[in-house]
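You will see chain A twice below: alongside chain B first, and alongside chain C after that.
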Partner chain A sequence: MSHDRMTRREFLRWSVVGAGSIGIAACMAAPPAALPSAETTGQNDEPDKASTQLVWWHGWGGPSGLAAMTAIEDAFNTGDHSFQIERVHVDEMNQKILVAIAGGTPPDIGVCCAQYAQLYSRNAVVPLDDYIDASIVIKRDAFVQGLFESMQWLGKTYGVPAIEAGPRYGIMYNNALIAEAGLEAANFPTTWDEMYEWHVALSKFDSAGNVSTIGFDPRDGTSRNGPATNIPQFWAINYGLDAWDSETLTFHYDRQEYVEALATIKRFYDYVGVEQMESLRSSTGTWVNTPSAQFPAGILATLNIGYYGPGELAINAPDKEFGVAWVPVPEARSGIKMQSVGGIPAYIPVGSKDPDRAFEFIEFLTTDAVQTPVFEATGWLGGRKEWYDPDLPRYAGRDVLRWYLQSVNEADEMWACPVIPIQAFVEDQREKTYAAVIFGEKTPEQAAIDMHTACTEELRNEFPDLVTE
Partner chain B sequence: MEILNAKRKSAINVPTRVRFAPYTVLRRLILYVTVISFSLLFAAPLIWMISTSLKTDPQVYHVPPIWIPNPIRLANYPEALSIRPFGIFTLNTLRYALTSTVGAVMSAAVVAYGFSRLQWPGRNVLFFLCLATMMIPFQVRMVPLYITFKNLDWLNSYKPLIIPAFLGIPYYIFLLRQFFLTIPQELSDAARVDGANELNILLRIILPLAKPALAVVGLLQFMAAWDNFLGPLIYLSNESLFPIALGLRQLRSDSVEALMWPYMMAASTMTILPVVVLFFFVQRTFVEGISITGIKG
Partner chain C sequence: MGVATNRKFWAPRQQRELLKGLLFVSPWLLGFAGFTVYPILASLYYSLTQYDILRPPRFIGLANYHQLFFQDEVFRFVLYNTLYLVVIGVPAGVVTAFMVASLLNNEMKLRPLFRTLFFVPALVPAVAAAEVWRWVYNTNFGVVNSLLKWGGMSIIPFLSSPDLAKPSLILIHMWAQGTAIVIFLAALQDVPRSLYDAALVDGANLWHRFWNVTIPMCTPTILFVALTSMINMFQYFTIGWLLTEGGPNQSTEFYGIYLYRNAFLFFKMGYASALSWILFLIIVAFTILIFRASQRRVYYAGDGES
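For the complex of A and B:
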């Protein structure tokens, strides 16, 4: 009987053998992909095409984003091309692509969600000027003004606008709240002084003094963003200040325009009370992509937001009606209509195994064969001017979106997005600066000087050869 | 028999109603209220996850928050599975989580035995060197490791996630060494007198006594592998190899639409099940191990 039982020694021996077997099995090559996207590509039908395969990394998750990217992959791989594309959705693109480039195993094409300025300024991506000049698909003047400029560093172009682009600014307002306050959309403010009066009229407090409705939040929506390669810093350019000089590679945050912009931000906060505004923001959320955020929820009356605002509000606030107007400007710039079209670049990392074919895929990404399914899945516009005609049938019935499209054609100022090699640092400083001013820790003058000094110092530390001042 | 009868007799004499002093009742009441409150506090994220996984989208954003969804939307589960192949992601995760767990436990036990039960020159120096490697964060080692694995042609496979675990993980080595030090040296000496070599002593004396500590190490490594995001993110570039951590992240959008919380929570609920089941099986050993290895602090 006893020899039928496994002894401890035998058990341990077989455990070691089993563990070793599992280890070897787990380390072996993976089985073929069994994902739905791979099944629908029809790769096995044309083995000769599949012999050349370029790898395309993209950001953008979520069902809509993935549906759009899968549609692009399918459209390319079933089309008449000499190679195939393997699409990979990458989260935390910046982290992954920097390691991959350093390790010599980058993707052949990248789109979205990296710190582009860092890639350009560190020669981590391939200059595309020769490809663009020779291309019959991509002509620079076919794209909205400012887009290619936001993909250039020291005179070289490192990206091509693809998949997502569009106007970043427009003040959307809640029709019901405007009417409730006795205001008329036809008289929407054109200067910040007028906007402040609306802010006062729209902001409501209960009997205990707690705010229940806010007129305008200068740090919600696209007012808060930038400076980045896909969106400028709103409060700087709104005051006419190009805070980053791409010619001299210097910052201009110490200028009076920036001081005035900071003072304007503080003025809106001071009326409601900074603690009240901050606590409401953190309890409800910002932006427009959740129903509980302060603008979709009807707590905030006006919001500066890009062209994606109308579509997201149709989902997240279907019971409310909204209008849109030009963003106000300071009194000294009264009458100026300002806009910026930011976009996402498609780029070729250094080390791509076939840059020529990679560029062929980038050309494909700018065509209607891509933009049409992308627009249907996500509402994104792309960078070609021809997509900014509000009378196109695809925009029928979308009046607010049509305003954004028309704004690109009517704007007096079309701001390009800056390419700052220390973009992440500057964005961090922007947040600190705004917070220091609204909480009264610094005067606008001091905050502007401190931000200028900090950014210049950081640039000097990271790029000592570039800083001359 | 007499003792048994004595016990029976004393049991008969026990009054049928036990009287508690008011002070004792109050003390117990406070204890129970405190314990239940803390239990609810710690369980709240789990309950919220399950609750959200059964909600419709408007219920997620309802103010005040809804804890018990009405109506209950079970369809979130199959729909979440249809958006991304979470079954494949789960199997992928199990594949390297289990294997690396085996490797971590085995290697840590052997190394810890050397650091705790054997006397050899430079033992303490090497042990502190081993501990010092814990101070270097993964982010610092990320690029050199990536290049190393690339040169070994291990990228886009689970090898970078498994094989290093077989080479010893300092934290687990430290835990097991501390535990092994508490086992009386006389046991090893007696085994040596009986002719056992060091491997026999490790396998037949030390490891059976260290089961709770091994369980702790195993569970910690399994959970670390299960939750690992950065490693798979960097080393894997084929979606068919992706683990749960990357799969769940794919549900997050980048300004396309709002995060789909019910799907995210449904997928999360399903994917934590293996960890929960594992914990239920080993919880007694795990708790025992926590207390004897000194992790509880």
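For the complex of A and C:
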């Protein structure tokens, strides 16, 4: 009987052995959970294809975005390729890809929506120049001017324009509100002084002084964005200021042009009242991708928005009619037509398990096989020049969109998107600077100097080897 | 000598007991070491470095702390905003919870229903609560502003005015006091009935009984709720981030938000680590301050010194 019973010492010994075995087993590399078996995928006849699967993260969500991404995944996986793609929709991409790269478990391919410049400048993504030079699918000169430049850092290319790209600027206006105010679209303002007069004419208040309609919001749509790798800082370039010098790696926010731009923003806010404007925009929302946002809802009369504006408005404000015009410029630059084509890069994070195949998928993302279903689902254009012909059958009947396409050919100035290694910090400073000016906490002069100083110091702290002055 | 040796070293049986004990607590010890001790020590080290996760950390000594105190102007805003939240929000929350608990402690019809209703906000996830309040505060469609507009009055820009944004967030904090109310209810029910009877005999009215009996007897609980609320308030993040993201004009840029911004948007993990250590020291200092200040005002039953 005594042989059948386990002593305490034996129990402890076996417990330790068992716990140690479990610990060792847990530490061993597990097979990738995402790897589907041939049985579950129904790919019995193609075991090699199913056994290699690359993971693709994308930040786009929403019904139309997900429909487009799913179509891409299906198109690739049913095509003639030596591997499969597993698509993963990732919210808060910036934070998650940062942790994934640092943890050594990045996706094999990433598209949208991260702080790309910060990844490029910290060697977190793979340089693609050799791949691009050897590619028969991707030729740099086949893409719209400026797109590849916005994916380069210190002479190396880290991304390829894929899925979404296009003109970022155009003032869309609500035909009914303009007619109601007795204004004519044919005389749409070309300078900010004229635009201010329209702003006054279009803004409406109730008897208690509460604003009910706003003429123009200088911080809605693409007026608010940048400087980023997919869109410049509108209020700087509109005044002719390239606030980031990519040659000398210096900022120019202390220039007079920026001071004047800030003063213009404030002027529009002052007429309505900053708290009134902030209240209205926060209560309704901005941009054009929800029906309740101030422009689709008919509360805002004019909006600076990219080429996707007409498509999204057709969905979110189908009962309204809109027109489009060139964005106004300051009096000193009167007559200049400015535009910028920004795009989203497809990139390969460092640590990707098969960069060669990952690039093959990136090549696929730039083809018609992808862009056609993407355009049908979302209205996004892509980066190839051939898609910017307004006379293509797919654009028939879309007059406002055709204006955007034509604007790429007619613009006097095509601004490239800047690659700033401290992009998030500069964008944060932009937001703080605008707020400090419109709330009257700082004068435009002081705000411009403070932003310049803050950005310069931050760059010096974060990249001491790059800053020479 | 033999006796001395036995005292110095544990007997084999004691060693076995120790080993067994350690074995049984080892899962917790390993977790504590890996998920608490190591991150704390690592953050201390990273606070002395320039570190963006993507590149190896670069030792820079106390430069992050120097920048925080002597160069970072936003840090001063952040400290002010956070202290405002703590100094006004914590007492407001504690007083609200205590008053509501006192009311709910009285005999009344539908008392269980009222207790449930007041506790419900504690069960609502922060994100859902933020969405509800976003609509309450909405200047176009919110309940308050709709009524004001209907009455021909000016709207209140709850979250759009730098002057009103912090008080508006504090109001949400006061609404979400369900847990504190339950704790206070338990404390109130522990107050001996005999003390109220004695006060009544002495001619004390309702206010005197509340002030001289209820509050003193609940002081340990008040201290506990105030301390935990203060610690939570210093770390305030979710509702503020969801409703205002630090705006308007940085008026709600609180410590947690600024720390998150530096860590995950600016990729400044070293700087964010320094921020977290400063926050830790601030919380420790406030905790000591509150303990010292409350030493003579908190009643601990059985402690003759109190």
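Convention: the second predicted complex is superposed on the first by the 424 of 469 C-alpha atoms of A that agree within 3 Å, B and C clash if a C-alpha of one lies under 4 Å from a C-alpha of the other, contacts with A are read in each partner's own complex, and residues count from 1 in each chain.
The criterion applied here is as follows: contacts are C-beta pairs under 8 Å (C-beta built on N, C-alpha and C of every residue); 3 or more make two chains touch, one makes a residue touch a chain.
On a predicted model such as this, the values are computed, not experimentally measured, just so you know.
Using the contact criterion defined above for the overlaid structures, shared-chain residue A:A208 touches chain C, although it does not reach chain B. Look at A:E441: by the touch rule set out above, it reaches chain C but stays clear of chain B.
When the shared chain is aligned, no partner comes close enough to touch A:N409: not chain B, not chain C. In the superposed model, A:E457 makes contact with chain C only, not with chain B.
When both complexes are overlaid on chain A, the residue A:T248 reaches neither chain B nor chain C. The larger set of touched chain A residues comes from B, when the choice is between chain B and chain C. Once chain A of one complex is fitted onto chain A of the other, the partner contacts of A:L280 are limited to chain C, with no touch recorded for chain B.
Contacts of A:N94 after superposition: chain C is touched, whereas chain B is not reached. Of the two partner chains placed by the overlay, only chain C lies in contact with A:Q118; chain B stays clear of it. Of the two partner chains placed by the overlay, only chain B lies in contact with A:T378; chain C stays clear of it. In the superposition on chain A, the residues of chain A contacted by chain B and by chain C overlap at 12, 16, 19, 95, 99, 102.
Residues of chain A that touch chain C in their complex: 12, 15-16, 19, 94-95, 98-99, 101-102, 115, 118-119, 122-124, 206-210, 275-276, 278-280, 282-284, 422, 424-425, 428, 431-432, 435-436, 439, 441, 457, 461-462.
Considering their complex, residues 8-9, 12, 16, 19, 22-23, 26-27, 29-38, 55, 57, 59-66, 68, 88-92, 95-96, 99-100, 102-105, 107, 112-113, 289-292, 308, 312, 315-316, 378 of chain A touch chain B. Residues 19-20, 23, 26, 50, 52-55, 67, 71, 74, 138-142, 149, 152-155, 157, 159-162, 247-250, 261, 264-268 of chain C are the ones that touch chain A when the two sit in their complex.
Residues 57-58, 61, 63, 83, 85, 88, 95-96, 98-99, 102-103, 106, 142-143, 146-147, 150, 155-159, 162-163, 166, 203-204, 207-208, 230, 233-234, 237-241, 246, 249-260 of chain B are the ones that touch chain A when the two sit in their complex.
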